[in-house]
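Following: one structure in structure tokens, then a few remarks.
Should a chain be cited, it is by its letter among A, B and C, assigned in written order, with residues numbered from 1 in that chain.
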Amino acid sequence: MREKGPLVHCITNYVTVNDVANVLLACGGSPIMSDEIQDVEDITSLCGGLVINIGTLDQRTIPAMSAAGKRANALGHPVLLDPVGAGASALRTRTALELMEGLELAVIRGNISEIKTLAAGSGTTRGVDADVADSVTEEDLDGPIALVQSLAAETGAVIAVTGAIDLVADGERCFVIRNGRPEMGRITGTGCQLSALACAYVTACPDRRLEAAAAAVAAMGLAGETGWANMAPSDGNSTYRNRIIDAIFHMDGAALDRGARYEVR
Amino acid sequence: MREKGPLVHCITNYVTVNDVANVLLACGGSPIMSDEIQDVEDITSLCGGLVINIGTLDQRTIPAMSAAGKRANALGHPVLLDPVGAGASALRTRTALELMEGLELAVIRGNISEIKTLAAGSGTTRGVDADVADSVTEEDLDGPIALVQSLAAETGAVIAVTGAIDLVADGERCFVIRNGRPEMGRITGTGCQLSALACAYVTACPDRRLEAAAAAVAAMGLAGETGWANMAPSDGNSTYRNRIIDAIFHMDGAALDRGARYEVR
Amino acid sequence: MREKGPLVHCITNYVTVNDVANVLLACGGSPIMSDEIQDVEDITSLCGGLVINIGTLDQRTIPAMSAAGKRANALGHPVLLDPVGAGASALRTRTALELMEGLELAVIRGNISEIKTLAAGSGTTRGVDADVADSVTEEDLDGPIALVQSLAAETGAVIAVTGAIDLVADGERCFVIRNGRPEMGRITGTGCQLSALACAYVTACPDRRLEAAAAAVAAMGLAGETGWANMAPSDGNSTYRNRIIDAIFHMDGAALDRGARYEVR
């Protein structure tokens, strides 16, 4: 990963874009942000992968997402979709579904509510966070696993659902990952950062998309644990944000191997 | 506040949006950012309150502010206006005045120059910071208090003016709050963060708008004091930013009661 | 610099805008961000200098860049161009060239690939980072120095090329500056921050543009060194970002004089 230094084109929301850029640099990749339709095809052509995050979509950027995705597909670059808020508004749901339909996606990463919305073709979620009723728990793993595997089979994309327990699946196997800390939900953008990280990993290892996406999910969760361990008593969510990215900066393959907690189903 | 976990829709500038999201999460609320006119009505319907901050307004987002505000009004959600730079440009002044005219605002929060501009219906300020000539001082409190109370009576909104001394008033009472540190002015976005915080507090306590807005102002000032007390010698404004949000993360009602310094006039 | 408190209008990318605002506040200046064509002329008129950074340019903001630049020119305010990604896309190259042609620029600051593109009138770079083949090294200083001096003579602007070795030149003299740390490249936005800093310095000292721009370049590099010296073992690039801005916050003229490492050619 650090040797390949994948260059990742991000069309991503303006809320968390700085952290997305820094986490890509932390993991050894490089970010380029561009959302202008006259610019995105040139930019994506220079890169190795593309993240489409619809967190602050607008009428100007939606066609740019589609154009960039098509160019990335034509070049064989992996495209990751982060359907932020799918189910929370008609525009977000429709846009996410149209991008799924129009593009060949390597990975779709969202919370369980967003992924359920995409699987159902419609839905309602509580804003941009997962609905409590939708949470993935130890008591009910089979349902969510079946859901993500079925969506993976249908779309050809690796599906990554993150929450208290993370699921990363293709049509055949599902990684169940138990890294992370609940306090990560008190920081804006850990999901967006993970999407960028997963795209960087898949760009570096295109032949092992499932394992690469699962490694990114475990790495982000592990960084959440390491970052939390480095917190001083007066530190809160803003410092925690820095410590997580810092932990990615220092993480190597050996640390990830030691710290990753997962099973394959 | 932390029990209710208010969901706040923010149409806010891209300069400080990440800190705005993190401060909302720090105080126990949740942020959703959306500024696309096709999206904002759905999003605001999911939320409990709406922040309209015109810091980086543009022709695309101004109609979205208005549409979101009207929907929030129809649903009875509190709407807070942060008229960033009113008086600094004709567009900002006009937009702020039109939003005041077209919407029922629960709170208007700005610096004294911005609030004077709104009261006068026109004005000139030194950019987005308060003009020195406009500052609220112990020697001249009566004038500013009369101004904010009169604007509050006229608009029906709670008016919050923040600076060295903060004033939060409705048509009858005015909280004079003396928390905070001058170094907060050396960080971008403490005002924007406060606006989001005040909207979250008012969303959680809609029946006591004045007290809720005043509590948010005192909480932000107190966080500025606590954050400053946690500074190491080499820390500067970038770290201070994190420490203030961290202080909000750790603040509870008891700490706020102990630390708030205010009088009611 | 700190006495004059220059007010700087920034039309800058949304990736690093918050850090740009905080670094301006750290150095004693004040930022105002506005990219709406109906707003920029009023805003730039209030300010002392203008930064145009094309990092996330779009069809809406390009005409605003031009309009703001023309107004700043008419008022005699220094205008700094940061041609982010010139050479990486046709739109970026064309936009940078058109801004150079249409405006009188006080400073152009970029990496060597971007500056080569502007000098050649076309080019290809590896995204928004400098191409390795283009790097400025001790072994080959004469070529890059000739390049920047020739571009400076042609355009009338001070040209600042930053990388492992920084060059700041007008048509006659070239400062070769050796401050900084390679780890600064692992943070997003140190270049954007430097552009804002250089604009603030030139705004404060309009009669000594070359020295002011060189001082800003040395200050940013020195802040990178000081910030790195303040790193704890678990700190990574996200904390480093804060520590650099913090170092600017604490820097004074004496510290800069002591720490600046440069020669004039």
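Here, a contact is a pair of C-beta atoms (placed from the backbone, for glycine too) under 8 Å apart; a residue touches a chain by one contact, two chains touch by 3 or more.
Everything quoted here is computed from the prediction, not taken from an experiment.
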Copies chain A and chain C - rotation angle from C-alpha fit, nearest 5 degrees: 120
Same or different residue numbers at the chain A/chain B copy interface, by half rule: different
Mean-CA-position distance for chain B and chain A (Å): 32
Multi-chain contact residues (two or more partners), chain C: 14, 18-19, 60, 241-242
Chain C contact footprint on chain B (complex, rising order): 13-16, 18-19, 55-60, 85, 88-92, 126-129, 186-189, 234-239, 241-242
Chain C - residues contacting chain B, complex: 7, 14, 17-19, 21-22, 25-26, 30-36, 38-39, 42-43, 46-47, 60, 226, 230, 241-250
